[in-house]
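The same subunit A turns up in both complexes below, where it pairs with subunit B and then with subunit C.
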Partner chain A sequence: MLNRALTAATLVASLALACAAPLATAQSQTPIRIGIITDRVGPAKPYAEPVTLGAVFAAREINAKGGVLGRPIELQIEDDQGRPDISATMARKLVDAGAVMIVSLSLSTATQQAQTVSLETKTPHFTPSNSGDTLTTQIANPWFWQSGPLGSAQVATLLSYARARNLKRVALITETSALGQMTARSFREALQRNQIEIVAEEVVPGGATTAEPQMQKIRAANPEALFMAGVVTPENVLMLRAYRQLGLKMPILASYNMSVPVYSSVAKGLLDGIAFVDAFDPARPEAKRFSEAFRKDSGTEPYNLHGYGYDGIYLVADAIRRAGSTDKDKIREAMQATRGFVGVMGAQGSTYGFADGRRTGFDTNGMVVRVYEQDQQGRVVHTGSR
Partner chain B sequence: MQDLIELLISATAGGCIYALFALSYLVVLRPTGVINFAVGDWGTVAAFGGFLALSEAALPWPIGMAFVIIAAFGLGWLTERIAVRPLVERGAPVLAPILALLGMLVIFREAVSVAFGPDPRPIPQPFGYGRIEFGLLAASYQSIFIIGITASVFVGAWYFFERTLAGRSFEAVALDRRAAALMGINLRRVTSFAFGAGASIAALAALLLTPNTSAHYLMGIPLAIQGFTALVIGGVGRTEGALVGGIILALAEQLTMRYVPIAPGLVQGVPLLLLIIFLLVRPTGLLAARGASA
Partner chain C sequence: MKSLLQAALVIAILSAIGFLLGPYHTDIYRKLLLWIALALSYNFLFGVAGQVAFSHFTFYGVGAYAIVILVTQAGLPLPLAATAGIVLCVLLALAVAIPATRLDGFYLALATLALAQLFIVFLNEGGELTGGSGGLTSYRLPDVGGITLSGPRYTVVIVLLVTFTWILLARIDQSWFGRACRAVRDNPQAAAAMGIDVARTRVIAYALTSALAGLAGMVYAFVDNTVSPPIFGLENAFLLLFMVIIGGSGSQIGSVIGATVLYLLPFVLSPLIGHHHALVFGVVMLLVILAQPRGLTGLWAARPWRSR
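What follows is the complex of A and B.
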């Protein structure tokens, strides 16, 4: 159903491009092509699909306002199936098709591999949704940026929230996906930096039928809190079920994955009291305006993942506008010069920017902590990592 | 001690799920010689059927379960007609239907993904989240439900294969298809029934599992792997081998996770290590067919 919605949205976006306001010259009517690499059939599909819908909506909105540099933008969407090898092939295809920027919305590992192409072809490359800390550290690629909230920012925000508890002994649990492992590593490093002992560290394998052995070990270790770094919903549900089943009581501090609204239905009765980190504050004025516009346009309620894609396309459009041309070198310089960009994501007052040569753009104090109440995502109870 | 007993019951319940998938393989494999890796995705389709019947339509569990299992029989029958029979009738090598069924696996998975989207879907617990605690005994209602239903299915399967004429015809086809045909056994009917029954068993396994995990379009492949591993451990010669293999596999997984002091990431390798050991040491599985030597 979402696939159909995505196809429909893409068609509508194309129509909107075709019907864009008459422009002065033939040259000015040539669309600016932005390449999107998403995952439509692989493991990242549950996340990539709403992010892509948000990106398509942003492109439509920008074109309705006259486009960028007087030209409409055109999204060329390619599917990498969440596979790094195909992601690199798709990046090359987009470069050959004349994309002035590649936007990766797939798995972090796939985005990493696609960077080999953006580096080689000197094509600006950007991910608004990947949160792996290593994307900008493993390859020295001055053509690549990310604006998703990093795993390190997530755990810093959770620790800031839990400071009053003065935690000394905690447990850490994750699952076996690449991002789940990366997030757990960020969590582990931050906990160790803060001299908090990890008394039990457990992993629930993909496709498991229970998480009871892992939760029994955690119960035996008697931690003061449980950090959940998993990002795959079925395995996270198993963890929560075992937690309740075994009568565990320590507080749960969960990664941003718990901010996806699907938990309210698949983990009903298991959620109350869980504190989770989020990059979306529904009370933020920009977020409110976005939610209303998206709802009016599509008839569905957006959530944080839509916001990543939406902000991503606006960030790219802003860089092209400031570059004043579609020259890749100029777009690279403009992208790196981004400061104080206000999007819909992040805590109130937070902005995106790549100051001091950094290529990670999410405000480190821009995350919030929310708590589940009656199986619904509750209000913001904490902001920032200070 | 309560921890251990609780874990043994939980592992037995997990083993029952593996055992049902192993039985699904076995029911198809014995009369046809075809290893059907699509069993996991039969389960996926059934899980989403369960979502429609039990969550959306809110049918009572017995009615919803019966509805899904009967529909799954039709799916299995259709799978055989589309992907297997045309190849067998054209004299294709035995590998051809196995590959065709791998193709069906992808079709099932993507059909579910297109129809329901990528998000997991909830299936209600038949008896809620409660648990029994009696002395040292502690177990969830769902674990006990899974063990009870699986025991009934295996008793029924044993009775069918060992005590009924129809079941014996399966055995005859497994021993020698040509001789069985000459004795008047309808090979087409046996094959169709095998696929239908295999899909129904996979559907039942999925319905028992998904109240714990939710229905998800990528759930099939891990279940197919675990079911196949259980089958290899237990052996393909006897029905009860699937049950023994499933429970041994789950016990090995969960007891290793709980009590063996190795890195959490390495625990996943234990079932595969077990599979390799059984293939090397006892390729016929733990329970050899009657009259066969290991």
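What follows is the complex of A and C.
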């Protein structure tokens, strides 16, 4: 009787084990969902798209190496059309879908509005590419982090370069877009703080067909260098064309916008010698390895924006790995504990980290100034903001 | 009595939907209702009064920013802040509308376009008052009579706004003023000959609809508890115009259909065809304008099986 009961119990246990094994396997194969909010049709599309491609590449690479916690990661990509209100809606969609982390790659204002959802739902939220200075200060959201260089860091780096060249009298030029005006204002304030005199300040209106009148005034003021704060490509090209046509020789120090490689094709023959601020050092070993792998995978050359997305997903994966689970609280703690994370972005030796309760992770000394050489983005000529 | 009961039933049904949906669908539902409220008031301005103005979304922004600034920075109680916000919208609308009555058609569109641009510049350059390019955030709706209006309760507030806008505009449309607006739209000279004060009619229509847009903006301000310049950009002013045209200019039900179709289109199509939904949007716009200038409601009116 006892034997029969034992046999039956063994059978039941074996059956249960046999049934449970695939369940356990299935559990381990359940993907870890990371939500991405990008802009595929709106104003941020030219920037958000390469960042998204970098993120997708990183996820593929991580999964090829066995995933995170033995599970593959799955990116759920949603389009907010560059509209802040839709960004918040998409954040809710991702939370409903079970995303353990939201990664925002759209406009800074869209990311800010999505933060109202991450704060309310206590969902880890992160942007690897937004440069808005107030994203981590305007909302007291302990669930949000930012790892891209802040706008203020690019100004500080460019100013550090100007100080190193002992510039005393400079000119400033921009265009009429809101961001262009804002960048010019940051430049102006930083120049004044550093007691560098602005001898001429010009604005090229949107839709202009030439920037020669503005450049002639700048030539008349005879500055030692020209700070270019424009962020709209057609107007920036007009400025460069006028600069060349008038045969001006003073060095140009350009904003972060000139680090987008579109200029190599739309401003051919106008770029040599222009210095611009960037967060990508092609000579950095990690950047070299990334460029090679990306080129091999997609057949195209990556640039700084791809690197942001790539680093972003690796940072998130690292936090989940250290959290040891997909529990949102644990991921939040692990994300905040990030220190010395080595990515592909930044100057050689710079790392990401959220020390002292900060939620901005880019090394404040990690930006570089590069120069265009033969119409291509060339070597680093200056590092850091000190 | 019957219409009161009908309104109560509509409010009950639309509010009940808010209690049944999950967070994501509730968010879409609320924002759709706000677009409908805006489309209804813009339909009166553009479709009934015949004014091609691009400032309607600007007043939505004025209302949103006004309530936030008045509540959080000036410390006014909510009812007083809401009243002051509406007064501000009306005063601003009068300041724009009185000189603008000299303008017509294309020139009115340009003048209001300039106002819309100016508003965005003001928001970006407004310093601590407007929060600059980052806007205002980290605020919340004060309790009303000890009640916290959040979650599905706030959906009820939005439903009340839409119903109020619908009923008010339907009443006005059927009144002498509505007929005066249509007469001015169709032929200002003939309207004047019939004794209608054309300028006054235009100013009142503009101020009334702008105040309604401002009211909708006030309600929007507490949906995500954040306001920023891109939300009130020109793209949305054009989207609003397309909503009214697609649905059927001059028709309230058309505005509801237009707003619903154009707002939901990206959500429905994105999972199926990705970002090509923008292309579908363009094709739909072209088809409607070329094939049925009276919009989607015109399709129903022109149905072949219609009894003659």
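FYI, the second predicted complex is superposed on the first by the 288 of 386 C-alpha atoms of A that agree within 3 Å, B and C clash if a C-alpha of one lies under 4 Å from a C-alpha of the other, contacts with A are read in each partner's own complex, and residues count from 1 in each chain.
The working rule: a contact is a pair of C-beta atoms (placed from the backbone, for glycine too) under 8 Å apart; a residue touches a chain by one contact, two chains touch by 3 or more.
From a predicted model like this one, the values you see are computed outputs, not experimental measurements.
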Contacts of A:Asn130 with subunit B and subunit C, given as first, second, both or neither: neither
Touching partner for A:Thr210 - first (subunit B), second (subunit C), both, neither: first
Contacts of A:Val41 with subunit B and subunit C, given as first, second, both or neither: both
Contacts of A:Thr116 with subunit B and subunit C, given as first, second, both or neither: second
Contacts of A:Asn365 with subunit B and subunit C, given as first, second, both or neither: neither
Touched partner set for A:Val266, first subunit B, second subunit C, both or neither: first
Touched partner set for A:Ser177, first subunit B, second subunit C, both or neither: neither
First (subunit B), second (subunit C), both or neither touched by A:Ser255: neither
Common interface residues of subunit A - those touching subunit B in one complex and subunit C in the other: 41, 43
Residues of subunit B defined as touching subunit A within the complex: 3, 6-7, 10-11, 13-14, 17-18, 110, 113-122, 129, 131, 140, 209, 212-214, 216, 218-219, 221-223, 225-226, 250, 254-255, 257-258, 264-265, 267-268
Of all residues in subunit A, those that touch subunit C in their complex: 40-41, 43, 78-79, 81-86, 88-89, 92-93, 95-96, 107-110, 112-113, 115-117, 121, 132, 134-135, 138-140, 178-179, 181-182
Touching residues on subunit A, where the partner in the complex is subunit B: 1-4, 41, 43, 45-46, 49, 176, 201-203, 205-210, 212-214, 216-217, 220, 233-234, 237-238, 241, 244-246, 262, 265-266, 268-270
Residues of subunit C defined as touching subunit A within the complex: 22-24, 27-28, 31, 120-121, 124, 131, 133-135, 137-138, 223-226, 228-231, 236, 266, 270, 274-275, 277-278
